[in-house]
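The same chain A turns up in both complexes below, where it pairs with chain B and then with chain C.
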Partner chain A sequence: MNKPLLEVRGLSKRFAIGSRFSSEGRRIVHAVDNVSLTVEHGETLGLVGESGCGKSTLGRSIVRLYDLTGGQLLFDGQDIGTRSLKALRPLRPRMQMVFQDPSASLNPRRRVGDLVAEPLRLHSRMSRAEIRTRVAELFKLVGLLPDQIERYPHEFSGGQRQRVGIARAIALNPDLVVLDEPVSALDVSVQAQIVNLLADLQEKLGLTYIFIAHDLSVVRQVSSRIAVMYLGSIVEEGPAEALMAAPAHPYSQALISAVPVVTTDAGGARRQRILLAGDVPSPLAPPSGCRFHPRCPVAQDRCRTDRPELRPHGPGRRVACHFPVTEPG
Partner chain B sequence: MSDTTLSTAPVPARKGRGPWARAARRLWQNRSAMVALGIFLLIVAACLAAPLYARWAGVDPFQSTLDAVLKIDGVDVPVMEQSTEGLGLGYTPLGPTWNLKHYFLGADNQGRDVLARMLYGGLNSLWISAAATVLTLILGTAMGLAAGFFGGLTDTVLSRILDVLWAFPIYLLAISLSIVTLSEGLKIGPFVIESGSLWLPVIIIGIVYIPYVARPIRGQVLALRQSEFVLAAINLGVPGGRILWRDILPNVATTLIVFVPLMMALNMLTESALSFLSIGVQPPDASWGTIIQDGQALLYTRPWVALAPGLAIAVSVMALNVFGDGLRDALDPRSKIRLGRD
Partner chain C sequence: MILSVRDLTVTFRTEEGPVRAIDGVSFDVAEGEILGVVGESGSGKTVSLLAVMGLITDPNAIIGGSIRYRGTELVGLPARALRKLRGAEIAMIFQDPMTALTPVYTIGWQIAEQIRAHQKISARAAMDRAEELLAEVNFPNPREALSRYPHQLSGGMRQRAVIAMALSCNPALLVADEPTTALDVTVQAGILDLVRRLRDRHGSAVVFITHDMGVVSELADRVMVMYAGRIVEKGARSELFGDPLHPYTRALMGSIPPLTGERPRRLPAIPGSPPSLLRLPQGCSFAPRCPVRFEACEARPALPAGARAAACFRVEEFQS
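Now for the complex of A and B:
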């Protein structure tokens, strides 16, 4: 058995907000709380959850844009959780990230060709001419025209800008690409194009993806495995098909029931939509016990005091719930 | 849809029009800004021509000529005439002749040509405000960048230094520093600036305005550090110095450019105030501020001596401000860059 490309063990990330001298004092946000995951070579792990659940923080922590508060991060067997930014540099070509808002992730004062060439200049020994050819090649690969190289980001549409962001991320043939809501800032028609592009690239280049999104219908399309996050923790994880068909955690169930379905028989097999009461609790003061209990339709006394661990639940699946809504299948 | 279509015809690669080129275009189309720039450049040109004018009119603006006699339309006119008003005591300098060839704006208390002095003084005023602006921008930017980018202890130390500067009212600080350095000059290690040097007001004005630049720059850098394109650069493994230079500095550059004319206007006012109080430019050198002070005593009889440099300051400052506003609009129409304490 091959060792996994990425192994996350008990990763935590806390942010301190406010000043020690303010009336409320210094407060701690538990953005990511004790998350463990593995990502195998060539797969796509979909990471879903409501906004504010810590999925972007987890993604950014994985590529070490943040210092970790706790836990281990193993990339291809090497511990990268505690490395300094400088010591991480040699590994950067192998793990890349595509950001949510392509108009914010491209420096408005630099030409797009220059932006895509940046990783090549930093990490390869290519000559200027070789870099130019490679950039043109990358442009073609992501569906841009080579004669757009000399333009500035503002001269592109949102979809095209995201293509530039993708070109920059794949320039060095990375192993892992963390896609942080790569399509949620785009029009629906363009979303499909970008999702298809990402699928093509994965096939051509053998990429491994962590696909972060709040839109389950997009995630289900691209992912081989899905992890559902709630308030900084993973509540359920499993193969995409199985999880979507029979979610075991009440929260995943509610999330999946919110995905609109297209049916042919009018008024026929409509799914029961589960509406959750209340809002996501503040990560400043997470609820006791199971973090989902205040909103959970099946919560019992035990959930208020005991925090459920992520436990195996059927083949390849794990769920963090005392009373899963389905039997392990 | 154009997203995916690949054109078959060979299109010549078009160079994109960058943010700078677009800003220049917007500035060019802003009529009031261009008029203001024109007025300011005219004033600069006139002041630069001061030595030429002095030679052409045959005057020495630094030499007292109390007993000179001028021939105007065949009539002998003394530059300093016996006062006929009141008790008839003292002398009144020649009033404006409105003739560029001699004493266009009249003479001052020492019989010197006011126009020639104004041009020379303007040169000093402009030079001091420009040099102080450069000094403020260099020091302010360096402090702002370092504080915002490195954070932590660097930020704490630099921010406290700025707070100390900020805590003084600008003029009070400038006046105190000027008075301290007035008689002794300034000695910092091997660097000695003699009292009376024009560098003294440059350094004093340059220092007191540092927080005006450093604070907004620090704020912008803090915001830029969290921006996705800087995170993207970190993710690519770009070294810190390069991020600062290639990603952050170009994005604060617009703010710095907008600051140039606005700072110059502020500095010009400060320089004039210090010179008016006799603690800025020292005689025999002139500046618009010192000429106003010369004219103060003659305000009732020869108001033009004070009025002319006052007008020159007002027009220059207004032109710089209007141009600065235009520059800001051109560089970033959405920005709320402001200079001052708010």
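Now for the complex of A and C:
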């Protein structure tokens, strides 16, 4: 068996917030807490969870936009978790990122062709002419017109700007692209275009994606596997369709049941929803035991003290729960 | 009818010429019904409801048509009279709860003030009523929440506080503009539940604006779909989603990835993006993106009267 493209072992990321002089003093947020996962070549791992669950922090830690607090990060067999920024530089072209808001990640004062050329100028030894050819090629690849190369970002619609962001990310033929909510800011009718584009590019270029989003139906559409996060940890992981059809963790179950869907049947039977009590607890003071237990509909005494580990639960699936809501199978 | 809107137009004077944000929109809301308004950005769903609430204060806006609330014409009504109606009978909640909350007063103070602005009761009684309202919108600890400031609450809790404020005067009509868009799905589920309960318990009519067809499908009794400043389709929820007539509605529904069942290899996407209101096509505004357009689409299709209708020349062909 081939070795995985990415292996994350016990990754943690903590942030210190507040100053020593504030009333509460300096406090520690456990944004990502002991996460382990692997990503195989050519697959798409979907990371889902609600705001504050740590999915974006995990994504950014994986491409080392953050320094890790703990754990190991193996990219193509090489340990990159503790490398200095300088030592990381040769690997940068191989892992790229696409952000949610393309208008915020594109410099408004530069032409989009220039923005797409930037990674090529920084990381390749291409001549000017070669870069120009490559930019034209990239524009075609992401469905933009050649005469748009000289335009500025504000002249583009949201969907087109996201295409520019994608062109920039794939310019250096990366192996891994981390997509952080790439379609969340787009209109529904435009979302589908970008989702299709990402699928096409993956097929053509053999890309590996980590797709971070809160929209479960979009994640299900693009992912081969899905990992559900809650308060900094993965609570469940498995093949996209199987996990969505029969979630094993009570949190995944509640999350999936809360997604409003269009009912096309004329009778319009509303789906049974599991309403969770209360809010997501603050990651400053996570609950004891299983972090989901204060809101969990099936919590028992053991869940209050004993934190469940992510354990195998049927083929290709893992769940961190003492009392999974489905039988492994 | 609690609300009757006829031929509403909203035009903004801009440097690049007049922009018609709302173009001849007519609809009714019956007492106690939930009307869902769906559309993408720029479809005019928000502007039309702001016009209804008399909240378009831009001096460059020209509002035409008629808006009747329980028989009273709202277009041209003095600001004072309109203000009395808002809050007391018509309440509104927005996407960002902070637009309705001030950061410098406690939640309890803000709700009590809202109550006292429209009812003659003592400060003490208003505070007690505020606590009841917070309990009604499922605050886990309403007494304690009274003394909290907005920044101490989560987004979902803030939106609940705003709903409590909206409920304070038992509004006959609640206008909700994307109130759950910024919230997580599990929190959204709770808010939608609350809106439904408000209607069931108090008999309030609700106009719910959203871009999310799933939300509308779970909440609304009747639905209207807007595109580029016009209503393109309307109907009862089950009819509209069970058998969408307008190509835009059909395409929009098709472009949402399914949550269950087979995954399509590619999503049936709509080409292009919603048109700029500055450069609207001559005829049907959806024509440039429409898979079934033909010559007739160079003229503008009207929305037929009646409860179930679509503004498309080819509707009959799609009717099953």
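By definition in this document, the second predicted complex is superposed on the first by the 317 of 329 C-alpha atoms of A that agree within 3 Å, B and C clash if a C-alpha of one lies under 4 Å from a C-alpha of the other, contacts with A are read in each partner's own complex, and residues count from 1 in each chain.
The rule is short, and it goes like this: a contact is a pair of C-beta atoms (placed from the backbone, for glycine too) under 8 Å apart; a residue touches a chain by one contact, two chains touch by 3 or more.
Computed from a prediction, not measured in an experiment: that's the story for all the values here.
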item	value
Which superposed partner A:275 touches (first chain B, second chain C, both, neither)	second
Touching partner for A:30 - first (chain B), second (chain C), both, neither	neither
Touching partner for A:187 - first (chain B), second (chain C), both, neither	second
First (chain B), second (chain C), both or neither touched by A:123	first
Partner chain(s) touched by A:63 [first = chain B, second = chain C, both, neither]	first
First (chain B), second (chain C), both or neither touched by A:259	second
First, second, both or neither for A:161, with chain B first and chain C second	neither
Which of chain B and chain C A:105 touches, first, second, both or neither	first
On chain A, the residue positions that both chain B and chain C contact, one per complex	157, 159-160, 190, 193
Residues of chain C touching chain A in the complex	40-41, 140, 154-157, 184-190, 192-193, 211-215, 217-219, 237-239, 241-243, 251-253, 255-260, 263-271, 273-274, 289
Contact set on chain B toward chain A in their complex	2-4, 6-7, 11-19, 227-229, 231-240, 246-247, 250-251
Of chain A, residues touching chain C in the complex	50-51, 157-160, 187-193, 195-196, 199, 214, 216-218, 220-221, 240-241, 244-245, 254-268, 270, 273, 275-280
Footprint of chain B on chain A - complex, ascending	60, 63, 65, 85-86, 88-89, 92-93, 96-97, 99-101, 104-111, 118-119, 122-123, 143, 145-152, 154-155, 157, 159-160, 163, 165, 168, 190, 193
